[in-house]
Amino acid sequence: MKYLTAGESHGKGLTAILEGFPAGVRIDCAAVDAELKRRQLGYGRGGRMKIESDSAEITAGLFGSVTLGSPIAFFIRNRDFEKWQAYTHPVSGDITQKKLTAVRPGHADYAGCRKYGFDNARPVLERASARETAARVGVGAFCKQLLSALGITVGSHVTEIGGQKSTARPLSAVGLNDRSDLSPVRCLDAEAEKKMIAVIDECMRSGDTAGGAVEILVSGLPAGVGSYAHYDRKLDGILARHLLSVQAFKAVEFGLGTAVAHTLGSHVHDEMAPSECGVVRNTNRAGGIEGGMSNGENLVISVAVKPIPTLMQGLKTVDIATGQATVAHPERSDYCAVPAAGVVAEAVVAYAVADALLCVTGGDDFDTIAARVQEMRQRAKVCAK
Amino acid sequence: MKYLTAGESHGKGLTAILEGFPAGVRIDCAAVDAELKRRQLGYGRGGRMKIESDSAEITAGLFGSVTLGSPIAFFIRNRDFEKWQAYTHPVSGDITQKKLTAVRPGHADYAGCRKYGFDNARPVLERASARETAARVGVGAFCKQLLSALGITVGSHVTEIGGQKSTARPLSAVGLNDRSDLSPVRCLDAEAEKKMIAVIDECMRSGDTAGGAVEILVSGLPAGVGSYAHYDRKLDGILARHLLSVQAFKAVEFGLGTAVAHTLGSHVHDEMAPSECGVVRNTNRAGGIEGGMSNGENLVISVAVKPIPTLMQGLKTVDIATGQATVAHPERSDYCAVPAAGVVAEAVVAYAVADALLCVTGGDDFDTIAARVQEMRQRAKVCAK
Amino acid sequence: MKYLTAGESHGKGLTAILEGFPAGVRIDCAAVDAELKRRQLGYGRGGRMKIESDSAEITAGLFGSVTLGSPIAFFIRNRDFEKWQAYTHPVSGDITQKKLTAVRPGHADYAGCRKYGFDNARPVLERASARETAARVGVGAFCKQLLSALGITVGSHVTEIGGQKSTARPLSAVGLNDRSDLSPVRCLDAEAEKKMIAVIDECMRSGDTAGGAVEILVSGLPAGVGSYAHYDRKLDGILARHLLSVQAFKAVEFGLGTAVAHTLGSHVHDEMAPSECGVVRNTNRAGGIEGGMSNGENLVISVAVKPIPTLMQGLKTVDIATGQATVAHPERSDYCAVPAAGVVAEAVVAYAVADALLCVTGGDDFDTIAARVQEMRQRAKVCAK
Amino acid sequence: MKYLTAGESHGKGLTAILEGFPAGVRIDCAAVDAELKRRQLGYGRGGRMKIESDSAEITAGLFGSVTLGSPIAFFIRNRDFEKWQAYTHPVSGDITQKKLTAVRPGHADYAGCRKYGFDNARPVLERASARETAARVGVGAFCKQLLSALGITVGSHVTEIGGQKSTARPLSAVGLNDRSDLSPVRCLDAEAEKKMIAVIDECMRSGDTAGGAVEILVSGLPAGVGSYAHYDRKLDGILARHLLSVQAFKAVEFGLGTAVAHTLGSHVHDEMAPSECGVVRNTNRAGGIEGGMSNGENLVISVAVKPIPTLMQGLKTVDIATGQATVAHPERSDYCAVPAAGVVAEAVVAYAVADALLCVTGGDDFDTIAARVQEMRQRAKVCAK
């Protein structure tokens, strides 16, 4: 598969095309919108989330909610385009009337202006904005439904916000989102949830922002997806590439992750024992990946999400038009986007996993693919958990 | 650029082809071998490193040590192929005489056998072995020389082994390896170095292994490499993909990395101030990447390296031939490969950075590319540090 | 660059995303629609062309008609979707109510049903239809404007329809379309034009269809685009890939093309002579490509276009539902689409040439790219013609 | 799959890596060399072919002649490297002592020097030389053996040399090479063979060269390989890309090819009739591809091969060092390479077909892939021919 997204933050809307998706997958179109909605939720969001209420208009690739094997396209309208169109209309807008020259630290503004020779960071931030992730959540929503139909579940929960850590470490992605979505910070640990909310409240008071961490789980993936044979087919490398292409993600960890640096080998690797239906393991410190391949255990991945760089208290910077010191203008923004980051992370993981799986199964239509996934499971004889 | 590597651990040798490398780069061929040698060093290596003493025979892409613009090929002979050829000869070997069925936890063995339907893990481990990284170090050595000629330096040092942490945080990649290579564990902090060596000594005694962490720096990269425009051109995603495709790497962090989860926005983003030649920053918590692009500061990347999964003390596992419980056979191996991991990390970073830079500069020959890098630097007017 | 298109023939419309297009290119948006219109013209079209009157709604990648460097998206509405939506609505349509089981020879119907296991060719033909080329013409329209701003022109004319050959062989793409578009069959030879029209008239009478050939020229391309170094960077291979991915194209020829099989070497290669500003050649039998690279002469490419496979007289086939012999249903269709094929060919050539050129120039914004194209021209010192 | 080749014409040798080839394919290594030998045969070759006698040393990807699923590497030594190494040794050669500045028309010399800013065409011609095709023939030899094991055969024969045309149009690739390889010009038509040889003899006398045409057939490929869904997955586009990346190929035709321009639709499309085991067709004017997919019939492809541009009689050109008129130096060369071109064409077709087939089947090991090809055949129920 491959996909492209397009769209500016205050332009007409976001467009996505997903090519190579199999035929014969029945899509719950409302569930696609529900994923878009999940991205807009979470404690600590600013005003825009209420404006948006995203919805994907599917324009290609399905008839009657069933995929055709043809490229899938959808469009997510930007609801505040009308207010912005004097500047951002593709044909007639005049963005020079809406200059931003006090480049904002932590954003793409400065490097983007240098890259393109722009004297106005507006075109940069319009595309670099995390608004774009709505399109990726849409793409991921299709992939999740494909995976789900194949018995593979993707879920996430927030493990840390502003230094407040959750102790919960769920054992499966199945049902995970049902529980994490109940929390305004998508946290499974009630104690930690309270403290996370308190941190965000404090940010609202002080004009600061809070980052955090999210754990993503994938359950039901058969062993042997990815490859050890060549670097660009390794599943961990593929997942890392997708995850670290998400705005604000600064680290990715598989299984024990950074903890492997202070744990000796005897406590890092997952021993195996026989079972009636294959092998069992009591630990999953590898996070479900050995040798660049899924090993039949849950994928367990963690990402670190930086605090939103638009601070109401302002950050010192330079005006690239004058070369003078100034303070970055605090546009309307969120105080904490970590809960939403989990939804985005699920989406890119779903795409990456589906794509890597299809490399192994081949097949153009759902029934063929489903039968081949079944073969993979038979071959591995891994016990259901 | 693109590259492929081939070769089994005990086969004839490793082959690499690097395509798209510019013409007119004068290569110090001895320096390529020196990089291969660096990969073989480090306290805690087992016997094989002495056997190998790798050397790259360049077979294509250069005349008289100057690149032609044509694909570069080189071959690294495996010095113990002769002992193994009854099993591993490409044409006449019989690998069924050298079965490994007690699949080793932490290795590719189990998932690899499931993927291919093998009843012998030998073909898996022969390719999945970290021996393959020698070819990548060779590829990276060419890229480093290109970058160096363009004023861009890549270096690394070990920041942690078995829980012992270095306090050193060098401010530039320039001269970094000159210092870190002096240490048997590639650590800049003399106190930590002693403790790291002690941990490794203890592993040798107990039959355990130690992991760690490595920091990689890139200095001199102009702003604007990578892109915010589309997910697959983001520099952090690209780097992560290459780094997490390296055997044993379980986490990657940019700048503050996982620490962004417990640091508020006011202490995460790097404020800017005017300077006579552009902008200056007093901090580099972003690790040199904002909005998926280099921002003119040093790239600062950290990777976590898991302990080698071959333990002399053995790990419990299953014999896939019999389905019975057994203990993984401890083949000759290393106790700690973290110092070498840094050399591999430098190599894949060098490739990724060179490739991303060439996307911006275009150009087929060195002089053209050098002039364009100069233009990029002029545009950014970033002060030299 | 890369691009994706989506959309079914009777679905909501066509979507395209073009990623990697440089910033700072001023787009004449009306000219994009004009290209779409050119695709709909030509003697021998059926009724649908009147229905369509295509127009691209640009939804991303531009503000005020200037490209941002961000992905460009546009949508071309299908004007007869309303009539078809009971069958083709992405969410609610029921395509099983609109079965086509008498698979049509020459179309994708049969192989598509086998590929996907469909018992209805409708989903196949909806995407396989040449309607999709409207999206590619849109993509090409952006590329043509980029090329034009760089002094590079793409044009085409029809050289044969139903065996009637044009004797015209224009020497430049500059101004070419101004002349060829005046002809209802896009033919520069008035005598041949008459005969071509007569062939089409005869087809209308007999219920047959006519194919033909189109010559595409590219003028102003500097030498050195493409590469001899690796097979996948050869300009002729790249162009062939794009051209033979167009519906109905069955052959592609560069320069003398198939005539090289009956011409000796002394009359195939283009001798060179000195000129005050470089080299000159009196012939261009190579079609502007030597060694997989542009050589500074015009690109001259010819494609053969098969007759439309929907014949009013019907073709014998099999009903895949019953396995019985039947006759393919002659849906409303065109009698000759060769003039339009030239417009599509121009579009894919424009994309391929622009993409290959950007590989050499690099650069993110128009001014940088324009300066580098100028450098390429200086280097080659090829006389203007 | 993907592959890279490296190597200069008079350098140490040619290296190739083929990545993604399935595990479990038993390779006849002597048959790989036999393909290399086939490339060196044919009436009209110059002296070098006797020097070479190519042989592929396989260095990776197999144990005991069975593929591992790991990248395959091989090396083909250049037997006259020793004579050339003062100029072409990768480390120590001095190519400036072997200048070629009288750039040769029809070769990459001129455009290559412009591209790289070289003042010596030697580095260009060393890589642009058709010597590189030996590596591709090696790659294709592996793919042919995979296809053969799956019941798919690739063969070719020469249809024209210097205007002398063969009337033979074989109905299957099975056994084809057994017959065509018996002819010194690989022609199935004894009358035409004589005339072709006479043309070549005349070229030898006059110092001229002869081009021609080759037809390639692929038999046994199931329907549904390739795709109509997106342009870059269309089988004809993929094949064209590979074929037109071969040195000297100037045209490619599928089925009727250019003849579609003078044949009406009623005589272009292949009608279908029921048969006990699916559908049958009496014609194959489409060349086995409809809608960008294989349709279960033989692939029938024709390429036009230009005469070798190195003429003993010399061609007028410019010395790029002096800007003066001169005559291109006639280095030792062949008079006709059309028979060998067929072997190269088979190789790139075999790679392209195998790669496209694996996209549909998926699968990592031969048994899995073979079972899935069988499923495809069952689905199509196409009668064996």
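Descriptive notes on the structure:
Which chain is which? They are A, B, C and D, in the order written, and residues in each are numbered from 1.
Quick note on the criterion: a residue touches a chain if its C-beta (ideal position, glycine included) is under 8 Å from a C-beta of that chain, and two chains touch if they have at least 3 such contacts.
Everything quoted here is computed from the prediction, not taken from an experiment.
Looking at the partners of chain B and chain D together, the chains they share are A, C. More contacting C-beta pairs link the chains of A-C than the other of the two pairs A-C and A-D.
Centroid distances built from C-alpha atoms place A farthest away from chain D.
Between chain C and chain D, the centres computed from C-alpha atoms are 26 Å apart. The geometric centre of chain A is 44 Å away from that of chain D, both derived from CA atoms. With centres set at the average Cα position, the gap from chain A to chain C is 37 Å. Taken residue by residue, chain A touches two or more other chains at 4-5, 19, 69-71, 115-117, 127, 224, 227, 229-230, 360, 364, 368, whereas all remaining positions touch fewer.
Put simply, chain C touches chain A in their complex at residues 2-8, 11-17, 19, 23-24, 29, 58-65, 68-73, 75, 87-95, 115-118, 123, 126-127, 364-365, 367-368. For chain A in complex with chain D, the residues that touch the partner chain are 19-20, 69-71, 224, 227, 229-230, 233, 358-364, 368, 372, 375. Across the interface of their complex, chain C is touched by residues 4-5, 103, 105-112, 114-117, 124, 127-128, 136, 160-163, 203, 208-213, 222-224, 227-232, 234, 236-247, 249-266, 268-274, 279, 281, 286-287, 290-296, 304-309, 311, 313, 315-318, 323-325, 348, 360, 376, 379-380 of chain D.
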